[in-house]
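In the two assemblies presented below, chain A is common to both, partnered first by chain B and then by chain C.
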Partner chain A sequence: MNKKVFTLYLFVGPHLILFAVFIFLPTIFGIYASFTHWNLMNNPVWAGLDNYKTILFDSGSTFHTQFLNGLKNTFIFVVLSVPLLIVIPLLIAVALEHKKVKFKGVIQSILYIPGLISVSAAALIWLLIFNKQLGITGNVFGSTVAWPANQPYAWIIILVLSVWGGVGGNMIIYRASINGVAQDLYEAAAIDGAGPLRKFISVTLPSIRFPLIYTFVMTTAASFNVFAQPLMMTKGGPRQSTQVLMMDIRQLAFGSGESIAGMASAMAVLLGLVILVISALQYYVMNRNAS
Partner chain B sequence: MKRTLSISLILALMVTALLTGCSSGSSKTITFWTPLTGDDGAYMDQLVKDYNATNPEYKVKHIVTSDMYTKISTVMNTGKGVPDLAIIHADRVPGFVKQGLLEPMTNILASQPEIKQENYLPQAWSTGTIDGTQYTVPLDIHSNVMYYNKDLLKKYNAESFLDDNVVTIDEMLSLKGKLDEGDYVVNDALIGWVMLAELQNEGGDVEKDGKPTVDTPEMKKAYEEVKKIADAGLMTPFGEDGYLMFQGGHVLFSTDGTWSSTAHAKVQGLNFGVTNVYSTTADKFTNRASSHLFAMLKNDKRTDEKEQGIGKFLEFIRENSIEWAKAGQIVASNKVNQSPEFKNYMQSFFTSNEQEIQSLHIYTYEYYPYVAEAVDKYSADIIRGNVDLDETLKTMQKYVEDKIAEAGKGTK
Partner chain C sequence: MLKRISVSQYLAYLFLIALCIVWAVPVLFGIATSFRSESEVVTSGFRLLPAQWIFDNYTNILQNTSTAPILRWLGNSLFIAVTHTFLVIVVISITGYGYSRMNFKGRDTLFFTLLGISFFPGVVNLIPSYKIIDALGWVNTAWAMIIPGLAGMGNIFLVRQFMKGIPNELDESARVDGAGDFRIYASVILPLIKPVLIVCGLFSFVGSWNDFLWPVIVYTDVDKMPVTAGLLLLQDIYGNYRMIGQLMGSAILAMIPTFLLFFFAQKHFLQSINLNSGIKG
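This part shows the complex of A and B:
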């Protein structure tokens, strides 16, 4: 019996250790830091709820303004990007199931590869594509707009980069789950006179509801943590309209001046809570509807 | 069983290898961290290699550490893996000294008589002097400068702008209506640095009696003056890559850094020179600069003998850092920057006379990084008229004050 328990721990152990060292303990410490004033160098000074009060209620404070603006912009990104990152991969995955589509593996690889490229490198390429003087948008399509400096174009280029890099991951999950749907369900639906759209709505979607819930929740959480795309594409501009919360958090904790890590941690905890609540809601609503 | 044993052995080996990688090297090695990535790192590698070729007792191990300041906070907190020597930026010195992170250079200065103020560019040296104690030894000054396209200056008959080495905003404005479509007078590269230079030209500063001064008449005037260039349509359009447009031969002046000269030189057909950043007035010019400085982070394990070894390395750098000029930087050692060889480098313009040397302005205010953050964040929108100037200056002032107040709470 002991040997069996030991074997179990042996299998789960490495994950537990990595989880504890890289996720659990830092999270606990991050939450602790959010209740302190801390410059990363000296010992944290206990501050109670000061940071939270400032961020949430002190309307005259820069940190309050930064937080609200950052959170608003993060929400905008989430609302715009998540539907695209669910619907587009789903449509591609369904389209690839069609008998007449050839080179499915090649197409899947081509769509997946952008997700492996570093966001910074991809951003530089996309910035050149959208460059008014040198890029395709200016020279081929005759666009006269400086995309990173004008809205809504600034959001568009951020979304293009995010969707381009993010489509492949979800698509693979959808393809795998669609492949697992029993063919007799489709055959039965066909006998009942269902067309392609009805099959998709009444057979495919219900059959892959768990992968859908999973990708929906995970994509939303990932989108709330958006950082590199706006940093590289617009640097938060124009007029701070693409300055997302993670950019403020990073600048507070790791900017060029003395670190304000306590306040940054409080912002991070609040963002974490928002993600937690929204993910739980999503899971609850989707799971209830599915069942 | 055998299999379990071999897996355990492999794991043990891997862990050992990992831990070995974490150690800071042998006692006869000077661990040297720099944030110098890319070509800069390669030039520093060469300098270190040259030094190690002299067979010193303490060899130097150069470790390019991207995100170095974050790592410094980690190692200083744990006290483990603290490098023996590091290169830090000028604006970090006051904060680091206040937080007690830096070891004074006193022993090194005592053992290396040539490492002294008179042998370095004055502001590069004095940046590391806090309350009479020397905490750093300078490697270079890297500055915001203004490159000009010789062919375009000739084409638009603007070569006379360079006569007194001060290109004024009025001179730039005189080109209004005279440029071909798609050509511009100046770009907005490093515009935050430009603004902090204009602030000096207007007689302002970022602090008074230790308090930040962002929302001031001088700052307002500086913005109003620079905004005139954008309003006249002479600045490269907002959101476009003015740096690339200069390299593409469509912009007369580019206000980027000394370090860009190497990149500009690689552009075929770009016939360029360098001068001071434009000024709001003909009477004064300023080039906002920073400096790479050698510093020793506090570390009880660093022996006196190793400090002597570091001193020898710094003396070698003082005598031989011409290699660093290749990176486009203004070498701080007078022995190098006054050598005939240094004259071959474009940036020698800024050490060509006393006035030029004085124009290289390094801000040493303890909270300067917060001011710079605010200026970087808001300058582009102010200059393009996207936001109200008065209101934004108030926001910037508050931004800096709030950060200072919050930082103060963390050091009690």
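This part shows the complex of A and C:
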């Protein structure tokens, strides 16, 4: 082996090994395991499409009802959280880019910082806020409900936590993009008699369409992986109505009792496919409309 | 016209200030509650601020070293996050150099193939990853959280992109002077890519410190887990509402490190994503 090839291995090789072991191999194995019966301990036993048939079509099986319920709740979370995680950061960015607003730095920091708090710590604090006896909703606003145990309150507290911790990243992307919009576009619109709302719709939004598409796709994909917020806030309740698919997958593979990792892998592959298809669809539709 | 501007300014302020209050109150109320005495929580009515600020909750949680060893958890998290961040910087700078500065056949094809594979949703490799960690004997060790994340492609993409902006003449003149790849990497490229490395490092630290799903899966040993996984156990340990002060104290302690990091590196956190969006937007 000559020296040049050796150096090449030293630069690219270590990461290539890491990639093979911690991304490539587990992905392939995850797909393979979804076609097997597997308890994590013994070798997987080939089962063909059994797991998928059970999950998708066997209406008598608990896996089927569990999957449908988990997927439905995951979709509910995505549909409710994604618009909030796009619109609120966008409004913040617009407000912050207003020429006459002062203390931009302080305001931005206050809104950004919750994103640096771990979900588990943040959840403990928000549970206190929504606590019937000790919290603010009960004592200041006179609410008498146990929020985590009743719908739609259970979804509301999960969303509050998610939005509170989730606006920072998109806010900064939007601020930077709005900042980059050429001023003469606004001036031209002003000459045509456009007011602030008109300017926002026909100048700002089209100018930042690529960051909008990018954040929309990324935020949606991230929301499908929701796990920590419902686990910490509601433990999936009341009556499984906030039990999301990631919680089912974890429970089946790593919960108490014998692991059903094959079934869990099939659910994971299905969730992965949903994410892939929806990302591709979003990208395709928005990109076509944007250009 | 003048009036319209002031209306929009008023609306902008109203919106931002309302949000800031909602955003800040939970943390402030959590801090206040962590300084309340148990008897105040149990007997007296609701107050925003403690009747008396006391440190008992903190001394109590620090003394619990068996069921909820918070200092140990914080130590574990710190060791994991620092080691992970250091290794991320090493791996992404070396690998980024490989994919942008070294010439070999199929370099870009290989790079974009890896990038494409890494876009595949991570949920699929979760269960096998556990199996691999188990086979390596890393369950309940810090390595379970330090190493797997090093395989990611996102940061390498950013570093490679950043390196492309550095003119090749710099390396070539060094090469004429007889420098090899390692010399060029260490003394020409590394100092120039410092900005992107700082950003990747900060986000790796925060990501590692706040990771939740993975530690909940790979740690069963209370002494070995990071603080995020530990806090999940606390809902049972300090679940009784008279212990809310201890619960809040623990949550507050878990926030301090990333707060400090933000305080000292604010500029990088907030500018960072510009770089991101500049590339992707």
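Here, the second predicted complex is superposed on the first by the 268 of 291 C-alpha atoms of A that agree within 3 Å, B and C clash if a C-alpha of one lies under 4 Å from a C-alpha of the other, contacts with A are read in each partner's own complex, and residues count from 1 in each chain.
To be clear about the criterion, contacts are C-beta pairs under 8 Å (C-beta built on N, C-alpha and C of every residue); 3 or more make two chains touch, one makes a residue touch a chain.
Quick caveat, the model's predicted, so the values are computed rather than measured.
After superposition onto chain A, the partners chain B and chain C occupy overlapping space and clash. Taking chain A as the reference chain, the count of touched residues is higher for C when chain B and chain C are set side by side.
Once the two complexes are laid over each other on the shared chain, residue contacts for A:37 go to chain B alone; chain C is not touched.
Of the two partner chains, neither chain B nor chain C is touched by A:53.
When the shared chain is aligned, chain C comes close enough to touch A:15, but chain B does not. Of the two partner chains, chain B and chain C are each touched by A:254. Judged by the touch definition given at the top, the superposed model places A:199 against neither chain B nor chain C. Contacts of A:72 after superposition on the shared chain: neither chain B nor chain C is touched. Within the superposed three-chain model, A:25 lies in touch with chain C and out of touch with chain B [touch as defined at top].
Applying the stated contact rule after C-alpha superposition, one finds that A:134 touches each of chain B and chain C. Shared-chain residue A:125: touches chain C; no touch with chain B.
The clash between chain C and chain B in the overlaid arrangement falls on one stretch of those listed (148-156, 166-174, 220-228 or 256-264), that is 220-228. When the two complexes are superposed on chain A, the residues of chain A that touch both chain B and chain C are 40, 131, 133-134, 254, 261. The touching residues of chain A, when paired with chain C in their complex, are 7-8, 10-12, 14-15, 18-19, 21-27, 29-31, 33, 40, 88, 91-92, 94-96, 98, 100-101, 107-114, 116-122, 124-126, 128-129, 131, 133-134, 136, 138-140, 164, 169, 172-173, 176-177, 195-196, 208, 210-211, 214, 221, 224-225, 227-228, 231-232, 246, 249-250, 253-254, 261, 264-265, 268-269, 271-272, 275-276.
On the side of chain B, the complex with chain A involves touching residues 67, 69-70, 73, 76-77, 89, 91-92, 95, 99, 101, 237-241, 244-245, 248, 250, 367-370, 372-373, 377, 380-381, 386-387, 395, 398-399, 402-403, 406-407, 409-412. Residues 4-5, 8-9, 11-13, 15-16, 19-20, 22-27, 29-30, 33, 41, 46, 91, 94-95, 97-99, 102, 104, 114, 117-118, 120-132, 147-148, 150-153, 156, 180-182, 185, 206, 209-210, 212-213, 216-217, 227-229, 231-232, 234-235, 241, 244, 247-248, 250-252, 254-255, 258-259, 261-262, 266, 269-270, 272-274, 276-278, 280-281 of chain C are the ones that touch chain A when the two sit in their complex. Interface residues of chain A facing chain B in the complex, by the touch rule stated above, are 36-42, 44-45, 47, 60-63, 127, 131-134, 146-150, 236-240, 251, 254-263.
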